[in-house]
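You will see two complexes here that share chain A, one where it goes with chain B and one where it goes with chain C.
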Partner chain A sequence: MSTVFIALQTNEDTRPIIEAIEIDNPHAVVHRQPAMVKIDAEGMLVIRKSTIEEQVGRDFDLQELHINLISLTGHVSEDDDTLTLSWNS
Partner chain B sequence: MDMKVSKKKLGLKEKYKLMTRDLGWEPTYHSKEEVFPYMGYEGIKIHDWDKWEDPFRLTMDSYWKYQAEKERKFYAIIDAHAQNNGHLNLTDARYLSALKIFLQAISPGEYAAHKGFARVGREFPGVGTQVACQMQAIDEIRHAQTQIHAMSNYNRYYNGFHAFADTRDRIWYTSVARSFFDDSMSAGPFEFMIAIGFSFEYVLTNLLFVPFMSGAAYNGDMATVTFGFSAQSDEARHMTLGLECIKFMLEQDPDNLPIVQEWIDKWFWRGFRVLGLVSTMMDYMLPKRVMSWREAWDIYGIENGGALFKDLARYGIKPPRGWDDAEKAIDHMSHQFMLGLYQWSFGTAFHSWIPSEDDMNWLSAKYPDTFDKHYRPRWKHIKKLADAGAQFKNYGLAKLCQTCQLPCVFTEPDDPTLTCHRETVHEGETYHFCSDGCQHIFENEPEKYVQAWLPMPQLFQDPVNGDLGEWMKWVSLLDGKDNGDYAGSEDQKNFEAWRGLATTNQ
Partner chain C sequence: MQIDLRTVAIEPQRQAFDHLVRRFGNKPASRYQEGSYDIQAAENLHYKPTWDPDHQLYDASLSRIVMADWYALKDPRQFYYSTYTLTRARQQETTEANFSFVESRGLGDMLSDELRAVALNVLVPLRHAAWGANQHNAFVCGYGFGTTFTQPCMYHAMDNLGIAQYLSRLGLLLGDTDALDAGKAAWLNAAAWQPLRRYVEDCLVCRDPFELFVAQNVALDGLLYPLVYERIVDNHLSVRGASSVAMLTQFMSDWFDETRKWVDAVLKVAAAESDANRDLLTEWTRSWSTRAASAMVPIVELALGADADEAVGEQLAAFQARIQKTGIVL
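The block that comes next holds the complex of A and B.
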């Protein structure tokens, strides 16, 4: 199974987002590198609006991710509640 | 009394439909072929533009909102950097060579990408595609501007930043990046998307922006990390556009497969060559290194690119033709580039240097199979010459590859002791190449590459006429300031003196 990843800047905006990703993706591996956090996950990674909202304590629009996003891989599938990265193989 | 009724917000999919797809119209007094004349040019067959998917579903109103926020963040940090002597927080002024290469070769590439996306946004008939290309065109000009602006803070203090536009047009090594973007912009719209959107953005830019920018953070360069990550926050969208474009072409018609495969082969190799210099920036030019080029390749090339091509195999796509040769070059290329830069350092608007004993030990730990065997002995010899007061300089002109325009400094994929050199005779003229990959690209489109502007023949034309001093004036290179060994340079002396002033009360 191939690995997908998402990389975010290290800052106060992304700290709760990273925590939410860890909650929703127990199989994900978090690498903390200078100024950035890279999260690898085998096969699929799901980012949920509701989990992020619980962590930040306010409404969160998933498109806010764009501000602190560094890179990602895999096919992106986004709706109002989730953003999913996956490979078909 | 008016009751305020809270209007239900549009869902993402509904908003995208109304604010993107619904903006299109069917032409009535001109045919579609007249409005979009380049659609048949490359032989790509598209049956239904509505099948184009934009997974982020970003609409222009949200785009402006988020981009404005990125700019505010960017300028807050750039102001702080300028106000707080940010340039003195660098680990070492050697690091600035990497920035100078970036400014002279890569930032103009961002501007070229802006022009390219503005053009293809007009040429594609699909509304989703038009809007995505419009956003990317605006992103790319923002990248060029923020990069130039961020690095202008270094221009106040250090050499080599003052004439990047002349360097971009005239100096020999920047023609590598320039020819890459000119090649893509003079191709048809679909090939441009594969060149920039897919091969460059999806397969290769992670190698530049992710570990290198993280390295900039490690080396105390707040300005570069900021423009790097601000630009990179757009790249995720660009990469997704590149991947969607390739899937779209392959799903629309099976006849598109061989055309797309040929473009992937071509642009992977073009991109691998143009980004090759990043290997040297990572292995040699970051005083404090975050990972080696080999380690970055393992993560972003093999693991990531491997997963991508495994996924695309369901359409019949194979990994790019040059993939195996690239893998064989990884443990050699940063050393071969740095040796090349050092021997021609009189002609570069940045400094190079002989790696210290500590640096060489790091390189030998990261490249256990190649560094001690092939490269440490050469550096030791060059060091011996420098210690005796005879810096090793190669005043011979490098033979340039007709396709990628790099000097032919690389070795055979299976023999690191033998320089790789290929020749093709076309209409009575002999053309030279650095690799099988570049030769193959030329032989597919010789009419295009025989027209390449090569910086070495330019040396013998007006206004230079073979005179090195005249050439330096022509490329705006200040001899003894911008070029040569870092050891003993003005940049080194100034950085050390100013840092001393900043940490004492003298």
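The block that comes next holds the complex of A and C.
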């Protein structure tokens, strides 16, 4: 198994996104670095629109994610409701 | 000489305020949490109110609803001052644009006299009901307990004031100042408006903040907004060519969809707290919604005529289905 990661800027916009990722991916490891949060996950990492919406309390467009996105690895599989990173698709 | 640059991660001494760490664990808190939790004045209240010496100035026992933790009644929209004002400022811009669109293209003048009369007769007197809703929510904010519950009530009060202003502007646009005078006269004297006026005025003397929340935000709004803004404005009037009216009331439709989520969340948590709470909420919701439905019939009649009974009946059924999802069976 290989690791995928996503790195986001640390700010008030990404805080609920990171919480949502932690909820949806119990196996993910969150590294809080200066001004950046890097989330590593074995095999697969999934980001769900619905979980983020529960955290922010409003409608969320997954494209908003890209405003604060620094970097990511893995094959990206994206639709309106989820963004999935994995190596074995 | 060689200089190596490296980043040093400095762990902050504290991730959040102590009271937030106790609630949510040792991690950075959101602005909503900082601006809402554990800031209700609860102790060292020096002076008992002269008008009610049996209670403290802020007293959870003013309501018959009992909560172990009033902060459990949180707002799913997570509104605090900044997010609330930013959201409403955006909506205000949209509404301004809608008003100027209707005004600049003379869409108001294109309305047939019949449809204009229906729009004015139904909508303008509602500004007085919206002012009542403002007073009621300000009361819930003042006498309710727990900032997560009372804070959105104050926002709700300001929203209702805004709605009253939009309705006044709609009246001025479609019927000049005469429309406002006629609306006030209808609110005070016309037989169709007296049941609703009595409802609003009875709410003014309701002293239990949570019962008032149910009477205004759950029962009355839950029937009035879908009936007036969906059925009458969006369906009845728009189909007949008065879609410009729907442009002017767009905020009210959007606002009801948004605030309903908060109202439902509050009901759900309060009802799940205990059977006593659930029974009380069931009783309140049942009696106030029955009253609100019968008060709405003559108002809906102004637009839909003989179909009013059926429309209110359908809406009441839809309302009960909505409330059932919060765990309250009517």
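Going forward, the second predicted complex is superposed on the first by the 88 of 89 C-alpha atoms of A that agree within 3 Å, B and C clash if a C-alpha of one lies under 4 Å from a C-alpha of the other, contacts with A are read in each partner's own complex, and residues count from 1 in each chain.
Note that contacts are C-beta pairs under 8 Å (C-beta built on N, C-alpha and C of every residue); 3 or more make two chains touch, one makes a residue touch a chain.
Predicted model only: the values in this text are computed from it and were never measured.
More residues of chain A lie in contact with B than with the other chain of the pair chain B and chain C.
Looking at the shared chain after the overlay, A:S50 reaches neither chain B nor chain C.
Look at A:R58: by the touch rule set out above, it reaches chain C but stays clear of chain B.
When the two complexes are overlaid on their common chain A, residue A:T73 makes contact with chain B while staying clear of chain C.
Of the two partner chains, chain C is the only one that A:R15 touches; chain B does not reach it.
Of the two partner chains placed by superposition, chain B and chain C are both touched by A:Q33. Residues 33-34 of chain A touch chain B in one complex and chain C in the other. Listing the residues of chain C that touch chain A in their complex gives 7-10, 28, 30-32, 75-79. Against chain C, in their complex, chain A makes its touches with residues 12, 15-16, 32-34, 56-58. Across the complex, chain B meets chain A through its residues 11-13, 55-58, 62, 66, 69-70, 73, 206, 209-210, 213-215, 217-218, 225, 229, 232-233, 235-237, 239-240, 243, 290, 303-304, 306-308, 310-311, 313-314.
Looking at the complex, you find that chain A touches chain B at residues 2-5, 7, 9, 33-36, 38, 63-64, 66-80, 87-89.
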